[in-house]
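Structure provided below as structure tokens; questions to follow.
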Amino acid sequence: MDKIKVGVIGGAGYTGGELVRLLLFHPQVELVSIHSNSQKGKKVYEVHQDLLGDSELVFTDEINKNVDALFLALPHGEAKGFLDNNEFLPSTVIIDLSTDFRDESDNFVYGLPEINKSRIMTAKKIANPGCFATGIQLALAPAIAHRFIDGPIHINGITGSTGAGKKLSETTHFSERNQNVSIYKLFDHQHLKEIKKTFHELDMEFKNNLLFVPYRGNFSRGIWITAYGTLDRSFEEVKDKYQAFYSDEPFTHVSDKEIMLKQAVNTNKCLISLQEKEGQLVIYAAIDNLLKGAAGQAVQNMNLAFGLEEKAGLNLKSIAF
Amino acid sequence: MDKIKVGVIGGAGYTGGELVRLLLFHPQVELVSIHSNSQKGKKVYEVHQDLLGDSELVFTDEINKNVDALFLALPHGEAKGFLDNNEFLPSTVIIDLSTDFRDESDNFVYGLPEINKSRIMTAKKIANPGCFATGIQLALAPAIAHRFIDGPIHINGITGSTGAGKKLSETTHFSERNQNVSIYKLFDHQHLKEIKKTFHELDMEFKNNLLFVPYRGNFSRGIWITAYGTLDRSFEEVKDKYQAFYSDEPFTHVSDKEIMLKQAVNTNKCLISLQEKEGQLVIYAAIDNLLKGAAGQAVQNMNLAFGLEEKAGLNLKSIAF
Amino acid sequence: MDKIKVGVIGGAGYTGGELVRLLLFHPQVELVSIHSNSQKGKKVYEVHQDLLGDSELVFTDEINKNVDALFLALPHGEAKGFLDNNEFLPSTVIIDLSTDFRDESDNFVYGLPEINKSRIMTAKKIANPGCFATGIQLALAPAIAHRFIDGPIHINGITGSTGAGKKLSETTHFSERNQNVSIYKLFDHQHLKEIKKTFHELDMEFKNNLLFVPYRGNFSRGIWITAYGTLDRSFEEVKDKYQAFYSDEPFTHVSDKEIMLKQAVNTNKCLISLQEKEGQLVIYAAIDNLLKGAAGQAVQNMNLAFGLEEKAGLNLKSIAF
Amino acid sequence: MDKIKVGVIGGAGYTGGELVRLLLFHPQVELVSIHSNSQKGKKVYEVHQDLLGDSELVFTDEINKNVDALFLALPHGEAKGFLDNNEFLPSTVIIDLSTDFRDESDNFVYGLPEINKSRIMTAKKIANPGCFATGIQLALAPAIAHRFIDGPIHINGITGSTGAGKKLSETTHFSERNQNVSIYKLFDHQHLKEIKKTFHELDMEFKNNLLFVPYRGNFSRGIWITAYGTLDRSFEEVKDKYQAFYSDEPFTHVSDKEIMLKQAVNTNKCLISLQEKEGQLVIYAAIDNLLKGAAGQAVQNMNLAFGLEEKAGLNLKSIAF
């Protein structure tokens, strides 16, 4: 089979770089074009310096339309304008990593494979979920689908600094972030919208209140989710249904043991663990925000849309430590 | 005035060392004895190496009974036995940092100054609160006293590694802890007992369920608390009452702005911030687990018991970064 | 071609785990046996928890002799005894990661591919270099071979905590190591022996004094090397010769730009950068101590010994952040 | 005695903030004015948030000339212009923390108390040393004064991120700096100039070459120095002379044991340790870059200039962990 010709738009940012890291080593992909206005003319490894020795590709500001798959890693709000101004072949699979199409407007399919796999497999336009959104949906999807939780669902999550991207800011200044803890967007994170949309699809009568406390953590990669609410069923049933829900999923695993964040870092996995106590069902989830929470899941979606093995190019060695 | 003669029992551990750091520089204290069976004969700065240049004191395994104040920094469960086997003068103020007397058995007074100040000022035996317990109680005390929250109270907290002490363990192994997140003692932390006791004293009809999720953080010092529940009153009233509750407190401050953990690290402060959203009252608190959560509060209690200025020896420069 | 049947002895430690991470995803390998006395009967992912979802293999205390390649990841000093007590087929390729055979005793070949590639390709017994030894040798090999440096060579290096392994100790206690810097084994690191042996092979008259200051860093993975000495040739020649020396090497790259440690972390690369100033040639090198410094290089050696592509199974996605 | 009236110019940066932290708690100081053009009108604790509860002072853009001591914490290059445009009483002690007067131009005295104490005690204008400069000079001063080292002196040092100040930059971006190591200003650090000036004063014939490799470390506070060169005397003599050199110094201590960075962090100490090996004298030094390396030393200089106890306001509790 010919390799899939792939382009990346917005290749100089953190998500764009992570896409390049994955696509360069993907056995069925030929990465033909990496677009960046800000870095055009530079070798990709001059910006993503860890790629030294892996590729001699150069950033371009020209848009290569001769691609089978196109990843958009643009700032939120810019993907829509980009597609308005640039037409691609109807056969081109477009995978957007911004928030712009997560409402499934313009025929985009929401790219959370554990929920929408069959639709993704025939999609030409895929809206890749947000990082927190991925962790929270995977933590809760079986519970919502089976109505395990009665009443409000309490969620807290901790994100690594790479979630805030390459842009310099006070909250990502090393002297400030290091050894620190802080909160942002209390109960109001922008990802709640896409989460609720999915939950309504899993349960048309879904109406649990979601109370989400997002933390900034003093680490670079990873998202941790703790979610809980009043358990409305036997814990044995919960465990069985969680295992069943994800039994065919190559990346999402329900652990018998307690989990910790680093198990998932630098992989495309979502690891989940369950606990029952004080009448509450408690669900933990761990992902890498740049992989399962962004670029890894985008490649997983590409694999599905092209009928490749779902794990192709995604057998990633964990950092472990 | 003569200086207060002070002894420390269990001076080789993390809390014992922090007590020594404070007591050496306390203007009204003479630190006369630092007890340690394991380190006897060594200079204190050989174990607490940061004290080089500050003191030539030597650990002893003899118990000096000629002290005005005695701090017990023994492992949980050992303070009671120690006091059974060693009698001190009735005038000696004994401040125990373990869990052994936090139920106020044996005439101990629970040493949370913001709640029990008048009792502490006349106490001879003081049971110093736990670190998470201090943060959670100070975050919630005004809300409990004024019954601001209806129904369950959701608490999550993150602790630095020093909370686990000097003992080596897998969860404090650098390669494991670094850049990681994990959970322990879900809904079942040992500090909930002393917290509930205080809350019952603040409101005899207190019956809110407390659901506490404790995290292990990848930093050395500090405890962060987020607590919330359904708000039963106007937020203006809440803010006023919180300010009033702590208006005379030298270490506990209600901030108008968002707070972050490092504001409190290496100080004896408890910083609190309030938010109202989605019908919930949300309270954040930040302390240093070894200071306001242990040794700093113990010295504050000593100051109160001896009629000293409450802040004596506790004007500590924050680490800030 | 049939897959290579591989066994790992000592699979429960940090290096053993890293070998398992690599071997499970290696396209030409079948990992048939993971030996551990301490963990026998446990699933491998119960110990190396990041492997959940990757394998159902179980630790065994039986020694599977039906393997084509065997990795020994035993504590230093135990490999020799193990091989004395266990005989393997002459065709079995044995790769030892300890110090035991780095003197090339017992027909072992020193497994630094950039220096010994042709010998490794025909070896049955390979002694894998130490982590600092790998970094220092790759930083300096061209300079030694071409006698670029006159007089003593000054080296300082910083290692991540995983270099100290899984064993608990005060210097790897999170509360101690975090945000700290310290020195160990000044001028006397055990790796100097194997380094000097190689340098004598590169230049029979090698006699530069090596002064090596090793630091403990507050990070988990990676080794940084700075090496310098008085430059005895034109810097242009140095750059050309370094590029030439490593031009065919798939993992070792000489960068035109300044490098930083994280470029190499979670890869099998060695990145090198050169500078000339004040009459000194300064060489920087960055590797991942568990990969190019241990398990990654061991797999590279296996690839060479079996005539596989040198990079097989080693196209690893960098952590980058 | 009346308190010393003190003003700070440039109070919004990291060094300015650290000065404020020290001066607020200094028993003989009244901090009367904190100048900042960028933050004028804001409460000091709105910018240095850890100061909440410590002071209600407000930043001003007016220059209060009615001060006994004035600290200039302006960007390098701006102090000179400031003093050209603003005249103060001849009695006002001016302590500048920038590089502008470290050449002792305009009657400034170089404010390294361990070397220049008597001159500082009568000075009206004091140029506070740089952070690396402080560490390196204190590490080497006795060796230079006594000509212990023959030939070049090799120095490497690691600095925390706060040395780079509040300004946002790629090398202080958390995602980049975290878990990373890099080098800057090889052999060419701007502090070498003031170091050499001092060394020439200690030994008019000083001519050792200084080769300094500065590292960026992944921690917030602290500077570590390793310095070595060929030992020209007995190690016993070296130790005796080092002890003697610093015997009367309240902040600089020569340790019998190995030291580590965190012993000095959040204190005004400089800790030094000595080793002899391979014919080399090796000296380690640890300071806090914002304290002994900046604001702490500035307050020490103020104490000296006003005849106060040298440690007044500087008995700081170490972070220890």
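We call the chains A, B, C and D, going by the order they appear; numbering starts again at 1 in every chain.
We take it that a contact is a pair of C-beta atoms (placed from the backbone, for glycine too) under 8 Å apart; a residue touches a chain by one contact, two chains touch by 3 or more.
A quick note: this is a predicted structure, and the numbers were derived from the prediction, not measured.
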Inquiry  = When I count C-beta pairs in contact, which pair ends up with more: B-C or A-C?
reply    = A-C
Key: Centroid comparison with subunit C (C-alpha atoms), farthest chain   = B
Ask   = When the C-alpha atoms of subunit A and subunit C are each averaged to a single point, how far apart are the two points in Å?
value = 33
Remark   = Cα centroid separation, subunit A vs subunit B, in Å, comes to 40
Ask   = Measuring from the mean C-alpha position of subunit B to the mean C-alpha position of subunit C, what distance in angstrom results?
value = 46
Message = Two-or-more-chain contact residues of subunit D, please, as numbers and ranges.
response = 14, 160-162, 175-176, 178-179, 218-221, 259-260, 262, 265, 321
Ask   = Of all residues in subunit B, which touch subunit D in the complex?
value = 14, 17-18, 21-22, 25, 46, 48-53, 160-162, 178-179, 220-221, 250-251, 253, 255, 257, 259-260, 262-267, 269, 271, 290, 315-321
Key: subunit A residues within the subunit B interface of the complex   = 154, 156, 158, 175-176, 178-183, 186-188, 209, 211, 213, 215, 217-222, 224, 226, 228, 258-262, 265, 275, 277-278, 280, 282, 284, 286, 321
Key: Contact set on subunit A toward subunit D in their complex   = 14, 160-162, 164, 166, 168-170, 172-179, 218-220
